[in-house]
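Chain naming follows the written order as A, B, C and D, and within any one chain the residues start at number 1.
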């Protein structure tokens, strides 16, 4: 069943507008730089998300559509093997041409064609537009985190946006523990790439299935910057007993001693953010820590990380649109909690679960089948979304995934323990 | 409760004797070479297993024991952080001194001290001897696979042992499917590092717990060399659709096109083994394939890999001492099956499960607590033992683990499918 | 003795204006990218040359001068150890801030201060301005060659400027040989960093001294693209006998098979230039070849490279302002010769001489003493200037130097032989 | 004109016997290890030098000769491209087979065939035997220095030989300066690969030619360990002003702070030698320093390195068989001088000259033409031989060459200055 075309068009327009708003403070040069292999230039995100719509909707479903530029698919395909050869990922920062203006023109042209097409597209093609909107939301988050990384390596430490006004919040008291369900729980989503946001789910969130939980409790909040500073002060980064073997090798090879973007200046821990370099807020959730760090911290604290199933069972009843998530352009960052347990927003929470297929999982056919399944090795599941996740994008069943050493996303830690 | 000291001494003697037998064909030079970072010299295995007994039994539990050589713990500690600084792993092949004879003398001296101590040791220390025997059995397998790798990089392709006499066996017919249990099953072992082999289990095999299986079937045998050659002939290594993203990157970066040790000579596929280079046997189980290859093959074949729980449930009733396992020195290799389903021996079977802790897992205290738990990231579980696993070492609950790209062990593939 | 201040100011103004003209076609993003470690962003060249004047003239010789921005010396110092810590060279492409406009403002501010200061500066400080002009001319050439490299790695192959109109020129006949002087010749310059361009020389060009030449002849022109294509067609890149051992290793490791920027398309050799990708001109001097390639070609041709002394003795009487050199912004490239022997312009000519100090050489005191002497290991001398060398910059005694594998400069080959 | 066959046979026998004596203390395992890419296993040196005789004398000049083993040329060719494919240099340490005994048998078989052939060989083939003897002498030096490196990386620091008895020698007084010839001098050798040792020279030592020297003086001895310790104490390794740019990068990347094999233990500088680790002798010549270190030291000392021509002119009258050179197996090392200027032995002296061809140089035809010429880029000339150079091997015209960062040879420093 198809969505009302008007609703889909509205949704498409809103998503596309947010991308534009996020890059508004960037110059062409800002939008061109790639600061590490894992990150992409802002311009590339803008173009790649557009290529997705152009390729899988316009080229494949709109008769007579002519590509905006025949040379660009080579540049803006990310990893879709079925779409043929592509520009090497670590070379994305070599492209001063096309310019940011040309990319904006590309976006406008594709938007125009999409708006014209929506009323006459098949439900299948409409579902691809909905998928493209979800896809672009994912890239909005990457765009922000890549931007943050890029400016962090500039010795001038530029602020993208002025700092938001902040109300000081007291450092929270000790963690409280919430007893989780045990026994059989239902996990995953029966949703699918659908034009209706409410029904939408990625293929990796299903099939919906039963999972078995053992008695456990989850912390009622994530670990704070202040708690993390205590871990550092206690020599947490210098004691191999806390660390997984691969994590300890990573700490030593990269001389890791604090979360990414932290720097001690005159005895004060600071962090770099989209509003520049500022002292850490001890009450705010720690972020930009790797799975290795999260796991080591949990061990040091006498706890463990939750499994993704424990997390999902606990969060199932919460409103996924609640919490500190991305609504508009501005200096997103995790904020101290002032209320009860928040499952969504602020920081992605590392779970102890490897990113592997659910029972009965099958990747969908065709190029978009490369979306999730082929990444199911070596990565860890994160849950809950972050301050950089567009509101409305995340769900209780939503599975994000990164390698255990990666930490340029807004990644944090919630503790768990066996009962 | 302690084992009868005499039984423990017999067991210790038998394990130690097999290690000596395995290196009998090796010169000091053969025993000195390290052919890659993942492998260790034969001499190092002999010394390291001895260091384990010397350190955790003699030094810690025998009053007045004096180290054989105070400088050697630095050389022969593997990865026990609690035991202090140690020689860098990739430099193990730089040690022509101590000589093989000196290492044999070290073994004799430690053996003598162990035999003297056994009757008077505490049950705890006796359990450490039993653990040390299990540990040495693991290194016997590594010793064989490292030896194989070492000789494989020598352009002269030397044979360690003459080839065993072989009776030709017909290529097996198509795979048959065995329906697995579904619903709740009990997984893991209640065993622990124990002087009684029958009660012994590594910490990572527990706690014993319930797991939930979905309807599925397992293949009644592992994939053969002949079937693998068909995968190659069908372009299996050249088509990214079969591969995990990390696997495809590995194939391309390393120009992988066949199992390790395979080489096509005048149109004939050969493999290198401990008996030199010979044509592959199409009826024998394929071996020396990585998880990436196993997963790609399974996808190509329209199947998937079993989970470790499916495997354990299926193998639970079989005799773990059955099958083609290591009994004595000689040119071990997987052999064609001539009977029904064999769960143990021949090749370790890659599962689709990540090596992570079972619910409630805790590493044991002390240095031997570094044995398993700290490796629980980034690796995949293998089950069932191989032709190089000492008979009596493996169990249905036994969890082996390697990184998804590794393939110098005797690793093979059993298919599974959803029902 | 000081130059007339007005002449110095005119010279300064002309040099600075040419830099601005060269970057006129570049966007901020174009000027920000660093396409390899050896190259620098255009913006960096503009700022670094300005930093040179600001630091060594204004800061050191103008009382009360305040730095334009105190954080910028860290960014724009190139390699002057005496000036303290600096931004890592391979990270120069990470700086979208400061913007190109801010760098232009920096240039304007420093220009203003220099013009104000010139009339009252000491002769020593005036000499530093003259040195700074020479320094900026060197960076003008690098700016062009770095720009060329940057656009060459963009799959869109953008042209910086439209192609110049060309008159077809016949492919030249065989090389003629010019007998050189033999016996004792005088080499080097008695000049020094001087405000008078006619007296100017870099420290490495002196002391003036005697050198001894053996009977030899030099080719009357450089090797052409057509001749180079014959070398390729004859298997020149595939036969180790032509190559120095290091050169052969370089060819194999980097899969070198043609000059940099050459690409065979449908059987036609093309090259990338500042006017985009176009067929090679067989009559034009070959360029973008390394010392290794130059040496291999010479051996293949039964000749050798000239020594720097043979070259200097031969070129001593020629007008160094003659030939195809840089006069204004535009798509510089080597052009076919239509007249007699040209010693200057078109392509830098690799000599067989290692870049080492002349007898009695001493680096000057202070930071500018790091200009030449510390680079006297591992590099080869090139002579004669190129199409990208600002006219008036080069002399017969001028010694340029690069590593034997480098070839992103306009580097070519003149043959020599023993008589 | 041919040498008396008996003299050639005697010479051959003596050279071959010394190689055997040098490896007498080594086990097969000792002789198998390759401790870095630049070094080769002792066994490889024994076999490679034998391969040289087998290939260029027996195979090419003895009708009906059959190779000892047809698979070995692949293993023991070093870098002769004309001899076809060969085993990768960094993999030489992977060869436990052939064994040391098999290599000794190879040596015996080739020796037997050479002795039989000598009386009937052509003068050209006899010259190749003489060249092979020179070649083997070079490898005797490498064998010692590679052996030293190999044992230095063993944490047990084994001594190959017991220390020689030493008579304490007073630390020498300040350097005295010897004024050199200036003006025209004759350089190089008119010799050639000849069966007569007195006429022998490598191709790179010629042609004999005139060179021009400027007024200068050379130190009357090499720099001592004591002087070097003062350089370290003065912060010599921490001040970039002393260093060539490439040298400074090398110091920083490799954290160089002392000569190779030096280690400070409880405040005392020690060095590792073939007799184990012992305190440095402040009166002995410093050794195992790179060109970069030699050049930095010279600058720090207000001097420079000699050119190879200055050195040769000064040493021309001295007896090249004098000094501390290799006569027999034992713990070679530089020794304090007790007499006047010694030009030969103790340590190779870095010159400031790049290793480039003399005027009119041509490599000889055929495979042995790869001996010298193809290495004429990027390397520096050393003169005078060392304590590890077989007595009788070196001459005033002898040119050794290494890359500027290499220092595992016995390399030292003699200062020079302009007058």
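Please note the rule applied: a contact is a pair of C-beta atoms (placed from the backbone, for glycine too) under 8 Å apart; a residue touches a chain by one contact, two chains touch by 3 or more.
Quick caveat: nothing in here was measured; it's all calculated off a predicted structure.
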Neighbours of subunit B that also touch subunit A are none
If I average the CA coordinates per chain, which chain comes out farthest from subunit B?
C
Comparing which residue numbers subunit C and subunit D contribute to their contact, where sharing over half means same and under half means different, the two sides are same
Rounded to a whole Å, what is the gap between the Cα centroids of subunit A and subunit C?
47
Please work out the Cα centroid separation of subunit A and subunit D, and write it as a whole number of Å.
60
Let me have the rounded angstrom distance from the C-alpha centre of subunit C over to the C-alpha centre of subunit D, please.
38
Could you pull out the residues of subunit D that touch at least 2 other chains?
none
Every chain pair meeting the contact rule:
A-B, A-C, B-D, C-D
Complex contacts: residues of subunit B adjacent to subunit D:
27-33, 35, 71, 74-75, 87, 91, 93-100, 150, 153-156, 158
Taking the complex as given, what residues does subunit D use to touch subunit C?
79, 81-82, 184, 209-212, 214, 240-241, 243-248, 291-292, 295, 352-354, 356-357, 359-360, 374-378, 404, 418
